[in-house]
Amino acid sequence: MASLAEIRMDIDEVADAALERRPEELRQLEALLFAASEPLDEKVLASRLAGGVDVRNLLRRLQSEYAARGVNLVRIGNKWTFRTANDLSWLLTREAIQPRKLSRAAMETLAIIAYHQPVTRAEIEEIRGVSAAKGTLDVLLETGWIRPRGRRKAPGRPLTYGTNEAFLSHFGLEKLSDLPGLDELQGAGLIEGSLPAGFSVPMPSDDPALREDEEPLEESDLDLGLVPQPAGRED
Amino acid sequence: MASLAEIRMDIDEVADAALERRPEELRQLEALLFAASEPLDEKVLASRLAGGVDVRNLLRRLQSEYAARGVNLVRIGNKWTFRTANDLSWLLTREAIQPRKLSRAAMETLAIIAYHQPVTRAEIEEIRGVSAAKGTLDVLLETGWIRPRGRRKAPGRPLTYGTNEAFLSHFGLEKLSDLPGLDELQGAGLIEGSLPAGFSVPMPSDDPALREDEEPLEESDLDLGLVPQPAGRED
Amino acid sequence: MSATEWGLEPFASDAGPEPDEPRLIVDVEGFEGPLDLLLALAREQKVDLAKISILALADQYLAFIEQARWLRLELAADYLVMAAWLAYLKSRLLLPEVPSGEGPSAADLANALALRLKRLAAIRVAAGRLFERAQLGRDVFARGAPEPIAEIKRPQWSATLYDLLTAYTRERQRHALARVRLTKRAVWSLAEARAALERLIGAASEWMAIDQFLIAYVVEPSMRATVFASSLAAMLEMAREGQIELNQHTAFTPIYVRKRAQAQAASP
């Protein structure tokens, strides 16, 4: 009696064997669909194959054969075509890197978010003394360096913004508290002259834990695309 | 003990199981190669996949997977592309574009360039025994299969011609040494003789590196439009 | 010599003898040069090219050219040059070879010609096989509907930590300076305070809480201190000069002020 080991064929050999037993019409359909410049309908396909072939059935079989592959056989209306698998569409994009510089306003807003987070748009405007263009925050969200982190427990429940890991990594900071404080800024000559009494630079913190006056973002905030998707942020 | 009948799985199920175990990179290669309008370089493919993947090996595997299908994975030079199977050309006559009919002289001249490259016009004329090669060279340059590759270090510094990747691609050759009958021609000593004494080269070569008896084309050659622009050649 | 001997049936008309017309139509147009013609003649020898008789071939070629000239066919120079060369070769082959040691022997020349013929024949076979191959767009096809690679323009934002810090300090300093300037404007100098007090008190002969007057000048609460300090200093000075009287019940309660009338000499 044959042992299990003897019976067990290499799985790939079996797959090859399966391929060899394939009806020739499947090869023909493959070639026709591959070479066609547009989706082909079943009637056209049938007319190109030998008569008496169940084209619909063959197409279904071909479709299931390709279902797990990087190329799928898809049906569009009554027509069939090969398409690269949906989940691989990212492969078919080429990212053209476009170096861009942040505007002065965006840079200042970013700095304020970094030092004063969590901070609302109104608070940024108060610190900057100008009403921030909404575009500035949009640009900063696009950089992937800031994130809406919650909502302030205040009238209007405004979003609070903070920086994220991408920010730290871009600016080469290990932790946010590595941002220089007032003394260091003065020491570096970045702040000169006398400052009004009470001028202070906060000790920044990007602790993700919400503050007492913050409440979490809601589902609807995520839906609005206010929050970059985790995958996108990784980029 | 399991009986043979119990052990025997449906062969297609095994095939499906094999498909599920496929490395994700094979799917990605499939998608990339299917989507592309031109053969893709191994380097380009590697750059699109996750690092540390043996692309060559995966391509060989993909090639064998598709060998029995209606669409095959073929290698052209260092590039790879899917093509309909050779034996199905009868099926695809409707897709065929009427190729420009080459004259016998042009076909012969192309063969001389392919098998004897690098070769000058005078050498082509010597082999054919006629002095009317200019018109045929124009036609061949128009096909995009040949290119002037350098100048022979000889009186008059004549242009040397060779084939390019488009030639390999059109005739489905993986490499120049796959030219049909090349071995016999070499065996009969019919390749070497055309070269000037002292420059006996045993093999035709489309290696872009110039031979010892060649020197590079000059700016003025490029101006004359004799040489496809490098960018164009890549396309 | 007959057409049959030339082996030129494909190019000859055997439609029957017509005395007025030449029996042979030499289709020289059909040949691509003298080597092609020689190959065609050689094929008619029905022998392997390796065993070809160059002498016989030369004879046939020369006879063909003779015939063509007799028929007043125009022959391209290539054919005539080859004829001359073959005539020379023939003469060398027929004469006993004198070993001179100089230049190739007649046999060498014949072999060279044989090699050229072989090479042309071989390349023709090769060309035939090349074009028998499956050709792209004729026999095999690339993807009919390639999917374009979409180019996603991804902006890469550049900013250095220095940019960030200068932006922050610039912003904060600008704002701090703006505040200082605002404060300066808000600060009441003693002279300003005195002028205002003189104007105010000039109208009041009754005790009044000074705060009520001054608050009218205070735009924002933060100015309260400076207004109050300056005005208090000014009032003390005016009191010392004897122009006004001040009255405060206890510490931290409102200070009352009134104009000191000439008649009212008594102090509270």
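Order of writing sets the labels: A, B and C. Residues in every chain begin at 1.
The rule is short, and it goes like this: a residue touches a chain if its C-beta (ideal position, glycine included) is under 8 Å from a C-beta of that chain, and two chains touch if they have at least 3 such contacts.
In this text, all values refer to a predicted model and were calculated from it rather than measured experimentally.
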Just grab the chain with the largest centre-to-centre distance to chain B, centres being mean Cα coordinates.
A
Which chain is in the middle, if each chain's centre is the mean of its C-alpha atoms?
C
Centroid of chain A to centroid of chain B, CA atoms only: how many Å?
39
Between chain B and chain C, the Cα-mean centres are separated in Å by 26
Quick check: how many Å separate the C-alpha centres of chain A and chain C?
27
Where does chain B touch two or more other chains at once, residue-wise?
34-35, 82, 84-85, 92, 95
What positions in chain C touch 2 or more of the other chains?
141-144, 147-149
Looking at the complex, which residues from chain C come into contact with chain A?
141-145, 147-161, 163-176, 178-180, 183
Within the complex, chain B is touched by chain A residues 1-2, 4, 7, 11-12, 14-22, 26-32, 34-36, 48, 68-71, 82, 84-85, 88, 91-92
Per the touch rule, the chain A residues reaching chain C in their complex are 31, 34-38, 81-84, 92-102, 104, 107-108, 110-112, 114-115, 127-129, 142-143, 145, 170-173, 179-180, 185, 188, 190-193, 195-196, 199, 201, 235
How about chain C: which of its residues touch chain B in the complex?
32-36, 38, 78, 82, 115-116, 118-120, 122-127, 129-144, 146-149
